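Please see the structure below; I have some questions.
Letters A, B, C and D name the chains as they come in the text, with residue numbers starting at 1 for each one.
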Amino acid sequence: MRGAPLSERFRELGLLAFIVLLCAAFQVRNHNFLTLGNLGDLLTNTAILSILSVGMMMVILTRGIDLSIGSTIALAGMVSSLTVSAHRGIHPLVSIAEGVLVGTLVGALNGLLIARFAVLPIIATLGLMNVVRGATYLISGGAWVSAYQMSDGFKAIATGRFLGVRHPILIALVINLAFVYFIEHTRTGRQIYAVGSNPEAADVSGIPRRRIVALVYTLMGALAGLGGVIWAAKFASAQSDTAVGFELSVIAATVLGGVSIAGGSGKPSGLVLGTILLGILNNALPLIKVSPFWQQAIQGGVILAAVLTNVLVKRNNQLFALRTRAI
Amino acid sequence: MERTIAIDRPWSWRSFFLQWEWLLVLIFVAVHVVNSVLSPDYLTVDTFLETPMSFLDKAFLVLPMTMVIILGNIDISVGSIVALSAVVMAVAFHAGLPMPLAMLLCLLVASACGLVNGLLMTSFKELSSVIVTLATMIIFRGIAYVILEDQASGQFPIWYSALGWESFGGVPIILIAFAACAVLFTLLLHKTSFGRRIYGMGNNLTASRYSGVRTDSIILIVSTLTGLMAGVTALFLTSRMGSTRPNVAQGYELEVIAMVVLGGVSTSGGKGRMAGPLLAVFIIGFLNYGLGLVNIPAQVLLIILGLLLVLSVLVLKVRFRERAVRGSGSLPVEKVAARGPEDAAQ
Amino acid sequence: MQKLFTRGALLGLSLAIAAPAVAHAASGDKYAIVFKNTGNPYGDRQMGGFKAGIEEQGFQAILRAPDQPTAEAQIQILEQLISQKVKAICIVGNDRDALQPVLTKAKKQGIKVFSLDSGVNPASRLTHVNQADSEKIGRTLVEAAYDMAGGSGEIAILSATSQATNQNLWIEFMKKELAKPKFANLKLVKIAYGDDLRDKSVSEAEGLLQSYPNLKVIIAPTTVGIAAAGKVLTDKGLGGKVFLTGLGLPSEMATYIENGVCPYMFLWNPIDVGYLGAYVATALTSGKITGAVGQKFKAGRLGEYTITKAPDGGTEVLLGPPFKFDKSNIADWKAVY
Amino acid sequence: MAETVLELKGISKSFPGVKALQDVHFDLGRGEIHALMGENGAGKSTFIKVVTGVHQPDAGQILLDGAPVRIEGPKDSQRLGIAAIYQHVTCFPDLSVTENIFLGHETVRPVLRNIDWGQLHRRAKDLLRQLDAGFDPRTTMGNLSVAQQQIVEIAKALSTGARIIIMDEPTAPLTARESEDLYRITEGLRDQGASIIFISHRLEDVFRLAFRVTVLRDSRYVGTWEVGRLRQEDLVRAMVGREINQLFPRRAAAVGDEVLRVEGLSRTGFFEDVSFSVRRGEIVALTGLIGAGRTEVCEAIYGVARPDRGRVLLDGEELQVSGPAQALEKGIGYLPEDRLRQGLILDWDLARNVTLPTLDRFARLGWLQPAKEEAAAKDLGERLEVRARSVFDLASTLSGGNQQKVVVAKLLAGSLKVLILDEPTKGVDVGAKTAIFDIMNGLARMGYGIVMVSSEMPEVLGMSDRIVVMREGRVAAILHTQRSSQEEILHAAMPERRV
């Protein structure tokens, strides 16, 4: 819905409040929750999610969706770690570049199908999800790449620290900042919103709609590739069944962040909050000492609660806006 | 000046043969040809009478999912509903409930889950169905875990296993049941005012609402039907597995959606026919089986299915290209979600 | 352009369907093994061993596995094997009971059905090839924890999915073992499930460390879980404070055994397990054995084996005691499997 | 006269199956407002698309300042100083006013190439001030009124430094008052030397504003005249190709007793304490500025949105409607304002569109009887003189007027007592307008009570028995048409402060 900037901020406050409450609750259950170490772990484990949700936000802004990223993560991770295991000497940056390249190719393929041949995003990416996953099995021959086959440099991509901050957190931070700049302060960034907000208008306004859409999926792929490398380095292992179903978490995070599936609306600040919320759900539940069999139910419940709170807050703002509006 | 309006249906062989279903029929035939070339064991009566048993369980989900997608929605919670209802049935049975009642309970629980989805969608129109069912997907399976934890539950009466394994007059019971459901759903969708309204809502929700279509009740009915069929799937699946666990039917949702989409039903709603998905069920089923006979590795199978999906849709796209161009060639827009705000109380 | 493209797409389509034409069968009796899922090196070794054993006897081996570790998928594969009229099926079950109907169908058709590694219930199998005595595995792991913890302290278990047949069995025996007075001071604080997913296993492991600050030992009887735990302990520099043991692949664990995070762990040689399975298969089809207790048969290079009573009431063939991997030998094994 | 800036010579353009333009001529002088008229489907929209380079002409040439040019696309035409303001306002509801104005040609700072928001907002403010519009350029486009959005569109055109501005039916969605503002703005642009192509259905627009008028009919060029020397009926004849003796046919409908009564209806933020009544055979016009809450009132009566207070009585008994479905059952029909979004399912054929509201009448136990549907559609279609080949024609293939007739047919298929027609002639050409008025009269004669929402003064005065004037969500006055003048109504509708 169209909301005045004010109410938009309101709604993110709602999400923020929700997160704070959740943390409070967790802290009560387990006093080690709000410790530096734990928060460090939490952020590190959320970094990959955050990186991908940035891409997913752009995709969803254009009214699209990408189901293939889980497979892309696996493929990129597998390719880069296979290379590393073959030539240990390789510089980490090269590995990253390699993974990103792989991801970009997959993304570009998505973009081609969707922008050039107008295949519905859900179909194109659903198909590629299978194809890419299968390809990963094939190139790996079903084998895993294990810790001892990876160079320390490669593992350091995920475990190393820069100024005391772990690389994944740092990378995610940089990506998010770059994203804010791109989406809020560049022409192309704004055109992404425009395309999602009103495709027809975008055409008559001379916005290269198809190119924008293609670009968005390519970026998504690139980020998935980056995420794949970090994933492989973080767990010091590359499997062909890595990140099965991860796309759903990413979509959930993006939508929790208030990015509307209808396209055109959503803010980076919201995205970050949504990602953090999901990060907490994925990583903190083991901490609250409930039976593992309750974890899923709780996770789902919280997600639903968060989404519904968002809606209710939004409705409230609208009502408020109506009351105070001069007809 | 009095002008008259004709009531003869426009007909041309071209448009008749330019229907998506024909491509599917082609693929269907191709699959059988390839399979029988590849494997000597393929062309047998068993293949056609026995094989359906092994892939029809999730096919029951294709029927309502087609409606859901034509409606412009999507439901990714079906797999979880199957698991939950199956688990409840098993537990109820072991708690002493007679099997027939337990089965009834299974259907009830499943329908209830569907209804919950529907209620959430209708009372929170701002939310797209993807989000709602994404959440309930996690919740329903979560509940299944809470109930059965790390246990499996089985030892059902012998006669129950007949459901998934026995034949009636040479035809598998499951096939008969599926045929029956398929006919019912096809008629419901294509021959009744209910089905007509579904198409209307998929094409233009607002206009349908202004035209006096009770959009909420239709959404409720469809989601409940979806739940019900998930229950039916649970019945047959459990019968085939002889026991059940909280982790059954994982990832069914995407498989089912893939079949519906391959069947030529557009995820932007309002378009497509039941025939397509039905064909798709058997195409994928027999393809799986045939390639299994020559022991194709699972990963290759994945690739083939993926390609099948994308390429077939590409063919469709290209075929209707010139029309797309005249329609300003606008990119596909996921009405699935677009309806959210459009319909939200203003 | 469009027309050309249409052709291209159609061509691709037909290719997609015709692609498998490359893969094709040979002659001779067919023996099939069905593993849990593809892309699992442990499984590949096991199937490799089976293949070797079958082929050295001059038969044809069929190796199958679904892409996801579900019983549903295995049922479909089993149906296909039945139609192929294989001689015997060696199943590594994703579910203990869920395969009973389809396996019974196979037996009705005269196919010799037995399970391997991850067993199915006695009613669905003729016998079971067990990598090692489940009870012994439980005992050994608890002993290891006892030894690492120095006789007392908190221990936790990081398992695969809560539905995993083997792991649940072993955990049962571990609990039984822990009940003994000797281990009175070992406190099992939690059983966590990493679902054999890297990310979940890691956050579960981190969760254990956060929730139980004076945790002494983590027992992870699953290859993904133990490696994930090893990674966490290494990154946190907890080597020497919190110990790790369990069942893992040498290749996956080499790093963590060498850096002392995991003093030692156990596994059996999956290749041998598969190899033994191959000979059980032929012995069953040739009628040498029927799966009854006490029957003996020769298993190629592994020598003679006897069918024994299994704790679940059925019968089984034991490969032997689990093999212990530590600093001394890990280097030689990490390249093998 | 002033030198020619733009000239089209013998332009032809056809699409698969359709000849959109055939040998069309047009010329535009500097500082001229040149009206382009024609019924829907006459080729006006294609004309624009050709000039803005969205389509390339098959034949003929375009001269700019006397020199032939090829216009490759929207960007190209922008460069050449041509800007178009489209009929259905093409804004980006989620973006701010500033962005809508500058999208695609934002000024970026040197090094980082990031958008210079501060400067853009300032420029936007200036532009808006030029068009003396008061609102803040930071507001979200979606929150503006249609009129305001149109001003933004004009600002957009100016921001590209356009010297040739094409306005496609800009006044269609505007009220009389808002149109006046638009006229002023347009003349302002002209006086600054801009040349304007003004496309419209409204005769008053043309006679009020244009210097010359060019008429297209059935994609052919009919002629160009100086407005000063043109009689209204000549222009109409030129457009319609036939005589239209009377735009507002008088009717003799016996006004019966009261059928609909609205008492103190209120909905927070939309309208307050609205009361009026309608009698059988009576046409009550509901008028006022856009945003005055007319449509909202109708939707509340029809059950689309719930009112907070007040009640609606039908034949004296109180209605409790939870949605359109019930409203239709009870006997209230609504012809929505936005035909394409709310009125029709464009991908559906006539028959299915017509029967949608009354589907159960064409089904036995839910089982559809297509034959019955088609018969009914044929019957209604012919009664309303819908120009269609068969009942299987897709709604999207019909012209605006005929589409509107189909929507009316949907209402007639049921047995209703009250019809609420929201802007029934919006975007409908002169020919079809009279047809629709005829239909309305017919309906009144049949005893329907009719509520007609309209912003067009002539049509309000010409068609209604009584007029309910709304202002800022309240009923400002209820007048008897015979005894009231345009001035009175306008006066009642005007708010004290400026919008």
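Convention: a contact is a pair of C-beta atoms (placed from the backbone, for glycine too) under 8 Å apart; a residue touches a chain by one contact, two chains touch by 3 or more.
The structure presented is a predicted model; accordingly, all values stated were derived computationally and were not measured.
Minimum number of contact steps separating chain C from chain D: 2.
Contact with chain B and chain C alike is made by A.
Using the average of C-alpha coordinates as each chain's centre, D ends up farthest from chain B. The interface with the greater number of C-beta contacts, when A-B is set against A-C, is A-B. Remark: chain A and chain B have CA centroids separated by 29 Å (rounded to whole angstrom). With centres taken as mean Cα positions, chain C sits 33 Å from chain A. Taking each chain's centre as the average of its CA atoms, chain A and chain D sit 43 Å apart. Looking at chain A, residues 133, 137, 142, 200, 203, 240, 293 sit in touch with two or more other chains. Annotation for chain C: residues 37-39, 67-68, 162 touch two or more other chains. The multi-chain contact residues of chain D, meaning those touching 2 or more other chains, do not exist; every residue touches at most one other chain. By the definition given earlier, chain contacts exist for A-B, A-C, A-D, B-C, B-D. Interface of chain C with chain A (complex): residues 37-41, 44, 67-68, 162, 191-193, 198-199, 202-204, 206-208, 210-211, 213, 227-228, 230-231, 235, 249, 251-252, 254-256, 258, 334. On the side of chain D, the complex with chain A involves touching residues 52, 54, 73-75, 78, 84, 86, 90-95, 99, 103-104, 106, 108, 112-115, 117, 138-140, 142-143, 268-272, 291-293, 472-473.
Every residue of chain B that touches chain D in the complex is listed here, in rising order: 1-10, 191-194, 196-197, 200, 203-204, 206-214, 216, 270-271, 322, 326, 345-346. Interface residues of chain A facing chain B in the complex, by the touch rule stated above, are 1, 63-65, 67, 113-115, 117-124, 126-135, 137-138, 142, 199-200, 203, 209-210, 213, 240, 245, 248, 251-252, 255, 260-263, 291, 293-301, 303-304, 307-308, 311, 314-315. Listing the residues of chain A that touch chain C in their complex gives 30, 32-33, 35, 37-38, 41, 45, 133, 136-137, 140, 142-144, 146-149, 159, 231, 234-237, 239-244, 282-283, 285-287, 289, 292-293.
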